[in-house]
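Take a look at the structure below.
Chain naming follows the written order as A, B, C and D, and within any one chain the residues start at number 1.
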Amino acid sequence: MSTEEELRAAIARQFGRSLHIRTLDTGSCAVCEQEIRLLAAPHYDLHRLGFFFTPAPRHADLLLVTGPMIRAFEVAARKTYDAMPGPKVVVAVGACALGGVYPADPFTHGTVDAVLPVDVWIPGCPPSPLALLHGLGVAVGRLAEKVRDIPFTAEDDTERVRGAS
Amino acid sequence: MTSELITAASRAVPGGVTTFQVASPDLEAVVRDLHGLRLADMFASDGDTPTLRLVWANDADGPQSGYVITETSIENGEYPALSDIAPAAFVEECEIYEQFGIRPASGKPLNRIMLPPHTGPHNTGTQNTGTQNTGLPTLGHRPPSEPEEVRAPHTVAGQAFEFPFGPVRQVGVESLYYGLVTSGEEVVDLYLFTWHKHRGLEWRLAGMTPRQALFLVERAEGLSAVAMGWAFAAAVEAATGTRPPAAAQRTRAVALELERLYNHAAAMAALCQSTGLSVGQSAAEIALERLLRLNARAFGHRYLFGVVDAGGAGRAPDADAIRADLPGAYGEFRRAADALLSTNSFVDRLEATGILTADQAGALGLVGPVARATGRLGDARLMPDGPYAGTGIAVPTATAGDVLARFTVMLAEAAESVRLIGDFIDAGTVTGTGPGTGELRPGGGTGLGWAESPRGEALAWVALDDEGRITRARLRPASARNWRGFDDACRSQNVFTDIPIIEASFWLTAAGMAR
Amino acid sequence: MTPLDLFYIAAGAWAAAAVAGLVTGRTTGGLRACCALSALGGAAAAGGGGWSLLYGDTSVVSAGAATLTGGPLQLQATSLAGVFAALLGVVAVAIACYAPRYHAPSAGTALYLAAYNVALLGCLAVLTAGGMVTFLIAWETMSLACYLLILRHPRDLAVARGAFWFLALSEAGFLLVVAAFVILSATTGFTTLSGIAAHAASVPGGWRAAAFLLAIVGFGFKAGLVPLHVWLPEAHPVAPADGSAFLSGVVVKLGVYGIALFAFRLAPPLGTWPGLVAMGAGAVTAAIGILYAMAERDIKRFLAYSTIENTGIIVTAFGAAMIFRASGQSALWALLLIAGIYHVANHGCYKTLLFLEAGVTEHATGTRDMDRLGGLVHRLPRSAVIAFAGTLGIAALPPLNGFVSEWLIFQGLFQGFRTGSHLTGILIVLAAGTLGLTGGLAIYAFVRGFGIPYLGMPRTRQAAEATEQGQPVLGPGLLAVACVALAVGAPVMLAALSRAARTVTGVTLGPLLLPGNLTVIPAHTDFAAFSPTYLTVFLVCALAVPLLIYLAGRPRAGTERVPVWDGGIVAFRPRMQYSAMTFSAPTRVTFDALYRPSVSVSRPSDDDPAGRSGPVHYAAQVTPVFQRYLYRPLVRGLEWLADLVRPVQSGDVNLYLLYVFAVILLAYLLGAV
Amino acid sequence: MTLWFVRGLRRGVVTTRYPARPEESARYLPTPPAFRPRALTAGTADRLAASCPSGALRRADDVLVFDVGRCTACGRCAAEAPHAVTTSGAFELAATSRSVLVKTIPLRGETG
């Protein structure tokens, strides 16, 4: 198995049961934050899955990053990442963080992975709490990544299209 | 001249907006005379000579309500110091200086609002150098500023010390830097930096078509996407002389009221969290989630992005879904609210906390529930020429000005929103595509647009060139207004633990402040 | 050969030093020579003091030529004064090591050194005075010399005011002291202290009590008993560092000596209530002293108030000792006397040390304001270590010396129930409670007093650029060693003290206090016990354990160094750390009745929203209650009185002749009656 | 507090069973588009790319490159060419590598 798969297996061993999450807003429009807050709400209750929010990066295993990574915020982002003990996972959340809304320009880097080493990408504007739950599961290697097999072609088209990867 | 202005300000105008040219010398006198009105916004636009625009709102429940815009062209890079007469102008004076390099004549030191001290690896939330070494583009001429001229908002002197808080704060909240200046016991002062989130939206919008722009405008403050989008769309429509179909307007209104509902539910959850009442938070979040699912079912988006379109409505509500789910979702909201109001430990924390007086709200030009909780009547839905015209909308107010007053105002607004949604749906709405959506008329011009976001009046002003592309767009979400009342509210008591409660009751976003 | 001979040597050396200072103080070499002589005198005095502890009281000898009074000086070395003399010597040596680097040679320095050595001489004379006239002369000499050494920079108004406060109050005190002596000598018919002491018992108790009360007030002015303390915070900051060290380390202690002299040698036997008076005064002084220290930003004012607190602790111990004596608990009487004297020695050492370090800080940074300092531990490492030792001592934390004496005092007070009388028992325990509060606040105050200037980040450029180059280290270092010695060698010290105390108390406390094996027992075996020596050893070892573990574990544990989590701001700013005033804000708020704090918040303009344009200035001032509400009216009254009698002073010679005539006439009439 | 206790009991459980069971409310979530290759011509692809505000769509000569990561599910492409675009209904889009999110859609539409 490839080194990446080994890494995923290691993370699954490390974090499979319990994992602490720190969030980081690098310039979002406040909607991704709302969805992340709702993860702890009764409807989704991520604690039942062994995920917990922690305000201190020192105790965090996973960093949920939203927003297009404003350049003025770069230092704070790096410091937050550095403050986390290894092994650590970075999850880029939302279209902003994936480069969908802002280009790389004097104000923003445009994407999170321009500054932080992203491990998991969660699309969506905003990604719904369900999408976030799935993403967290993928991040800790507990859920299978599905998007690899979705062709994004309509059903009436019989012939499957290989993904770019 | 000014008397003419006053009469104009108190006269019903088709479209609700009157514009006047004011020469730079007599601007000060005009501001003195218009001081009875609320200074809603102030911005500049670049040209051969930069133009300074002041937007005055006449908050009244009646035909005389409306906006007055004064246009003044600035020759020598200076204009009379307006913030000495109308304190609400101070933030914009600073912003305009950052962006255009024109400043009030009084040499009063200006604060840093939008542009970070300097970008690059050594940017800090707190240190400060001149704007000229931020490598960021500005809307106008780069200000000719020495570092000491644009200074950090506060430097602590004497025996107090600054408690640094942020920009990376607790989980699931936006990045925001508080400087809490304290003597160890009392809150001497409190200020905030939001430039960590400045995305240069007004700079980006220049050169876009309105439809492209809307995509970003909705994301200026995602939690009031409908209001901001509607204000912007209305501005564009005013600029092009487009009359959006009434059905499309009603669609927008339905979305706007749904937005108000879910925001007030979220504010309620935040209030419970800040007071440590987890059960109440859970109850509020159940209501919030159900309202968001209602949004998704009715408009296809949990946060109602893409509902507003330039000249019409981009998405149509599923009226049956709303009729089916709204009562249940609002029932959750109502039950949670009632339970909270009958929980003394909760109400006691809210009572007499974070008090703002009506005078403060007026001086700072505050809007929305924050202002209405002090007894000021100000609601963009009362302005003429909207879908609300015939609805006999009731604007709830309170007088205490504390957190509890804001909370009760929000609850009353939620009830009113439910009624309005019902009325609008019964009156009929339209689908996003096809006839009735409304198309933008070609051509250029300038226009002002407004909508009442859950946080208060959202304003937008655009100037379009003849191809209909944006030359200057001004976005002013309610958050850009109300943060300036935050430190006064925090200083009204000297209890640190009240600050999160006050923040929750303001329910603002850093994104809206920074744009 | 008696301790007196050593004292003669000391006196000679200091006299010579005074002259040398006056003559050669302008040159570096001369400065050094003067200080060398001064150090020699100090060594001799220390030796003499130590010796007189073991030697007992010498006989009264008449020395020197005729004095102002016509009679010769009467000298006597007593065990009671021994500790004070030894302390005087040690402090003199330390300051002598410190001064050459602290003072720049100049005319002012020359005068200062002369005055300083004369003051040393005066102190020694006070401690060796065998007769009341000698005592009074010596006392006045010391006071005037101290006035001169405070007045180092007479052009400065603040200096002049501070010096004047000192002079005025010590003169006021002097009159009362004279009255006290006159009462005793008139009633006993003796002028030698030993004579008075021997025959005091025959005097009616009312006279003795009156003499004692006059004495405690009179000496209280010097010792700094509240409300007679106001000169300390005024004079200490303006005097040179070693001068204020001398004031706090020795001069204040002489006031305490005077109180002890009357309480235990001259005035007794006294009843219970004078003891209660002394104890109450001491407890109040201790509490108020530390509370005011808490509100000070100026390091030296802070230390001055802390001196007031320690005086209070000592006087409380003495008062309790008097009570126990009156109630026949001679063991506890001796214990508290010893504990009080021990605390005198301890406080003399670490307070001198701290004042000297305050001088170092002021020289290195140019300010005494805690809120303008910070981070000095990195700039002045050696001074920081020494100051830390002194801070541990004064905060009464083991293993340093302050802990030993305060422990003994508390143990003595806790046995108040042994007086038999419930009321006195309760009152003594109340005093113990007050001292408990004081001790807690003292730790709080000195966490602040050390943490704000030495730890954290520098708050000003001066603090950031401070350097240890050419700063004196030896003197304070010596005192730090003394502090440690007083802690580790506590059993030895206590043995010597108990022996010395025998000359006053008559009881031999030795076995009761020290049953051997370095353990200390507060007079009653069933009560408590501890061993300062073992405690020190243990604490040092305990400190070593984690260190060893760390050193042992370091290679294996893979450590990753990351900066402190600061919420994402790039750098903490100095303005983001606790300042002296904010640190003490809770106390200021709790005791605002005492502080009468006045807070002022000034903004450039109050209606600038979203951030005032410009700095927000916050200032909290504390009203010195006693200056304002006690002394100011007093001074006003005096001025009013002076206005009344001014007409008498017309300047007309004939009128004055008339006065003379009238007085003579009056005298004749009285004679005739 | 008893009030809240009773409320909670009466309210019952609202928590979803996801990921153990599928979540019903997911049906209403906005999801990225799915494309009908047979309806896609080069011209359509260009129009779609032009209509996309987030730059998630672009045409590389004979394929439509769809970056799911940048898609905001705004639905403007569906509005632009309803016959060629429908919604994918997929919301579980988390990817462990960025490239997985970039899809290429063949253009099978008959041109001309």
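Details
Here is the rule we use: a residue touches a chain if its C-beta (ideal position, glycine included) is under 8 Å from a C-beta of that chain, and two chains touch if they have at least 3 such contacts.
Just so we're clear, the structure is a prediction, and the values are computed from it rather than from any experiment.
Chain-level centrality, scored on Cα centres against the all-protein Cα centre, points to B. Set against one another, A-B and B-D show the most C-beta pairs in contact at A-B. Averaging C-alpha coordinates per chain places the centre of chain A 30 Å away from that of chain B. If each chain is reduced to the centroid of its CA atoms, chain B and chain D end up 31 Å from each other.
Distance between chain centres (mean CA atoms), chain B to chain C: 64 Å. For the pair chain C and chain D, the distance between C-alpha centroids works out to 81 Å. In chain C, the positions touching at least two other chains are 566, 568-570.
Residue numbers of chain D whose C-beta contacts span two or more other chains: 14, 25, 29, 54, 72-74.
Residues of chain B found to touch two or more other chains are 122-125, 167-169, 175, 215, 282, 286, 289, 302, 305. The chain pairs satisfying the stated touch condition come to A-B, A-C, A-D, B-C, B-D.
Taken in their complex, chain C has these residues touching chain B: 297, 371, 566-573, 575-586, 588-589, 599, 601, 603-605, 607-620. Residue ranges of chain A in contact with chain D, taken from their complex: 4, 8, 42-45, 48, 95, 98-101, 103, 113, 118-125, 127-128, 130-131, 133-135, 137-139, 143, 145-148, 150-154, 156-157, 159, 161, 163-165. Those residues of chain D that touch chain B in the complex are listed here as 1, 3-5, 7-8, 11, 14, 25, 28-30, 53-54, 72-76, 79, 82. If you check the complex, the residues on chain A that touch chain C are 56-58, 73, 75-77, 79-80, 82-83, 85-86.
If you check the complex, the residues on chain C that touch chain A are 560, 562-563, 565-566, 568-570.
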